[in-house]
Each structure stands twice: as C-alpha cells, then as structure tokens.
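Beneath this line is the structure, given in structure tokens, with notes to follow.
A, B, C and D are the chain letters, set down in written order, and residue numbers restart from 1 in every chain.
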Amino acid sequence: MEVTVRLFAMLRERAGAGEVTLELPEGARVGDAIRGLGEVARGIPVVMAVNREYAAEERVLDAGDELALIPPVSGGGGHP
Amino acid sequence: MEVTVRLFAMLRERAGAGEVTLELPEGARVGDAIRGLGEVARGIPVVMAVNREYAAEERVLDAGDELALIPPVSGGGGHP
Amino acid sequence: MSGSDAVSARAHVSVEPLSLDRVARAVRDPRAGALVTFCGVTRDVELLEYEAYVEMAEERIAAIVAEVAGAHGLCAAAAEHRVGEVPLSEPSVIVAASAPHRPEAFAGARALIDRVKAEAPIWKREVEHGERRWVEGVRP
Amino acid sequence: MSGSDAVSARAHVSVEPLSLDRVARAVRDPRAGALVTFCGVTRDVELLEYEAYVEMAEERIAAIVAEVAGAHGLCAAAAEHRVGEVPLSEPSVIVAASAPHRPEAFAGARALIDRVKAEAPIWKREVEHGERRWVEGVRP
C-alpha cells in the first residue's frame, strides 16, 4: 500500500517537501514507516502521529490513515 | 497626650464612627491604646497600625503618630 | 537585552474596575518569557463590597510587590485591588508576575496574592438580597 | 449558583495575535473565585517563528484542556497558541484556568502550560539578524 506522511519543521526543510510518499507492505506498522523514512529522520528522535494522535511503533497502519512524522516539539513561548 | 485612632469595617460600624480619640499618658505603648479601646475591639483579634505599618504591642506611641485599629483582613476576592 | 536590572513594581487601590490587560502590560519586560496573572473574582453572591485603609493598603501592597519581586527573581510585578462594590464574576484583585521562566513566574504570582490577602488592610462584606455580612478574615 | 456542572473548555491555534482579556473571558464562571493565566512571551530575541501541525495541535490542546479541567476540578479552562511570527514581548501562548479557589486555579494553569509545551505538535525557530535557528525541543 502507498501512504503519505506529512513532515514539519526541520524534517520538512531536510526533505524539501511538506510530505513524502512511502510504499509499504499490507499490515505494516508505525515502526516500519519510521524506518522507511530513515534518511529524513536521521539523528532526530521522532514520533509518528496516526490520525492526529501519537502512536506506538507496534500500531498497524491502514491505507487511509493520516500520517505525520513529529520531531521534538518546542511550542509555548519564551526561550527553551 | 491625646491620640486619634482610625477604625474600619466592623469596628467602624460598632463604634458608629471612623475614628475615636483616646487620652493616654506620655510614654504609652500600642498595647495601652488597644486596651483603651477595649469596648470597640471586644472579641475581635485586632492589630494596631502605627504610621501605616503593623506595630508590636510594646511600641511606644508619639503624639503625632497616625494610628489605626485593624480587624482581621479579608481582601483578595472570592469567598473566604 | 535590557539596559537595566531594575524591577518594575506597581501597586494600586481604587474604586475603578480592574483590567487584566492593563496589569499585564505593567509587567512587560524584554527579559521575560513567562507572565502569570491571578484574578480574585466575586463568586456565588450578587456582589462583594470592599472597604480599605487605602493609604496603608497601597503602601503595604507596594512593599509586598517589591519584596516578592526580589525574592523570586521576577523581571516585574504588579498588584491592583478594587474597593467599593464588585459584582458577580468581576475581579476585585489582580496580581501579575513576569520572569525569565515559568517556575519563578508561577511562584511569584502565588506569593503576591497570598501576601496581599494576608497583609493588606482591606475588608469585604457579602451582599445578597439586601443583606450585608462581613466576611471572616485573618489577623494580619 | 450555576445551573450546570459542565466545564467550559476552549482550544485555538491561529496566526491571530492573542488577547489575554479574551482568553480570560472564556473562563468566566459564576462558581469561580480564582482565575490564573499564563502567557509564554518572546524574550531576548527579535522574534520567534512558529510552525504547527494545526489540525492535530488544536485537537491535542482541546484534549489537554478537558483532561486538566477534570483532573484539577476547574470551572473552566482555555488555551490558545499563535503561529507564524511572534515579535519580542508578544505572547505566543496563553492558558487560563478558573476554579472556586486559588490552589486549583494555580495548579490547573501550570498543568495546562506544561502539557501544551510537552505535547502539542508545534515548533519554533529564533530569528535574529536574519538568521533562523530551530529551537531544541522535547520528544512528545
């Protein structure tokens, strides 16, 4: 199946695009998708969001899922 | 010496006036003034302010002091 | 960024309605990444009626604001208390604390309101159905 | 006084400038005697530039607001986050918590901002002298 993964912040800049498309086998899990994006996420501790919720690596993906790769978050104002 | 003591809240209502005048001997202390106002303060744990600062009972009074009898305070909004 | 280490401190007691935005503006500071405000609001009764020893209350609140700002490392602090009638859901007191980071701003705002309530010579009564009752307080 | 036990919860992410008075109004409640707000403000740099996964950020913040309101016994809670450019001394995030008394309002506001910062899919970079640098974040 083909899935589209949204990218943000430094991941979006690194990929040069707001989303990438991945070809995954049926029954693939979140962890498989993250490994498939290895170059984009290299060195960054990412989490995947599935249908707008943070998902465990074991979660099985569905062709219709809304996927996004989430790098460390820094909302909230002020300095780090 | 004659001193004037300002009254607030339930003390003002009880005395029927915003201030009372007391005759005290020279060298009188805060505690003497509070005892001189015994009827007004009866049953209420008061503190005296001298020149706009809370004062200990041992403090010696001066004829020119600004005196006020302060009942328990309840500023700050909301319910108790 | 700031040219000075001075702490801005503001204290005010009056019959005017309070404005949260105005108090927050008073603690703006280029070094501040965190701003915490507290509003004490009339709840559950038609209105609260406040009386103050205004001259002393302003001096005491100003001293509290300066002491808390120093003790908690605030960039700026402010406190305002309204007197007279304060209807349901309107604020009678607002404090604000700005600081570089969250923990100091929260701790500073909490210390400000705790001390203003415990020390300022201000009294309130509840008014409901025309009945007035002095609210029990604490010995300052 | 209130006819309902419902908790008002509001979450919003947009490019519009934030207003403290507006967020505070969103948590007005006749049962509330205490209202605490927190603003996260751009400090020490010209501006911060925020990017968000807006749809998810709004859902996550709404969930945080509802969970914190329940856990801390709040009357109402709200959180708003601005995206795009936020200049020095302007707020990028505002949270508000109203409760019957001080302790819950302070604890609720602190939990709101801590969780929004830790969980909302939002990123910022510092901009100074035309240089942009992503700010180090935390894994949600």
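Here is the rule we go by: contacts are C-beta pairs under 8 Å (C-beta built on N, C-alpha and C of every residue); 3 or more make two chains touch, one makes a residue touch a chain.
This is a predicted model, so every value here is computed, not measured.
Participant: Show which chains lie in contact with chain A and also with chain D.
Facilitator: C
Participant: Which chain has its C-alpha centroid at the greatest distance from the C-alpha centroid of chain C?
Facilitator: Relative to chain C, the chain with the farthest C-alpha centre is A.
Participant: Between chain A and chain C, tell me the centre distance in angstrom, where each centre is the average of that chain's C-alpha atoms.
Facilitator: Going by mean C-alpha positions, chain A sits 46 Å from chain C.
Participant: Taking each chain's centre as the mean of its CA atoms, how far is chain A from chain B in angstrom?
Facilitator: Result: the chain centres lie 70 Å from each other.
Participant: CA centre of chain C versus CA centre of chain D: separation in Å?
Facilitator: 22
Participant: Multi-chain contacts in chain D: which residues touch at least two other chains?
Facilitator: Within chain D, residues 33-34, 39-44, 91, 100, 102, 113 contact more than one other chain.
Participant: Multi-chain contacts in chain B: which residues touch at least two other chains?
Facilitator: Within chain B, the residues that touch at least two other chains are 77-79.
Participant: Indicate which of the five shapes (line, ring, star, complete, other) describes how the chains touch one another.
Facilitator: If you draw each chain as a dot and join those that touch, the picture is no line, ring, star or complete graph.
Participant: For each chain, which other chains does it touch, given as pairs?
Facilitator: Going through each pair of chains, those in contact are A-C, A-D, B-C, B-D, C-D.
Participant: Which positions of chain D touch chain A when the two form their complex?
Facilitator: Going through chain D, the ones touching chain A are 39-45, 48, 50-53, 55-57, 59-60, 81, 86, 91-93, 113, 116-125, 134-140.
Participant: If we count contacts the way the header does, which residues on chain C are in touch with chain D in the complex?
Facilitator: 1, 19-21, 24, 28-44, 88-89, 91, 98, 100, 102, 105-106, 109-110, 113-114
Participant: Enumerate the contact residues on chain A facing chain D in the complex.
Facilitator: Answer in residue numbers: 6, 8-10, 45-47, 49, 52-54, 68, 70-80.
Participant: Please output the residues of chain B touching chain D within their complex, sorted ascending.
Facilitator: Touching chain D: residues 77-79 of chain B.
Participant: Write out the stretch or stretches of chain D touching chain B in their complex.
Facilitator: That would be residues 33-34, 100-102 of chain D.
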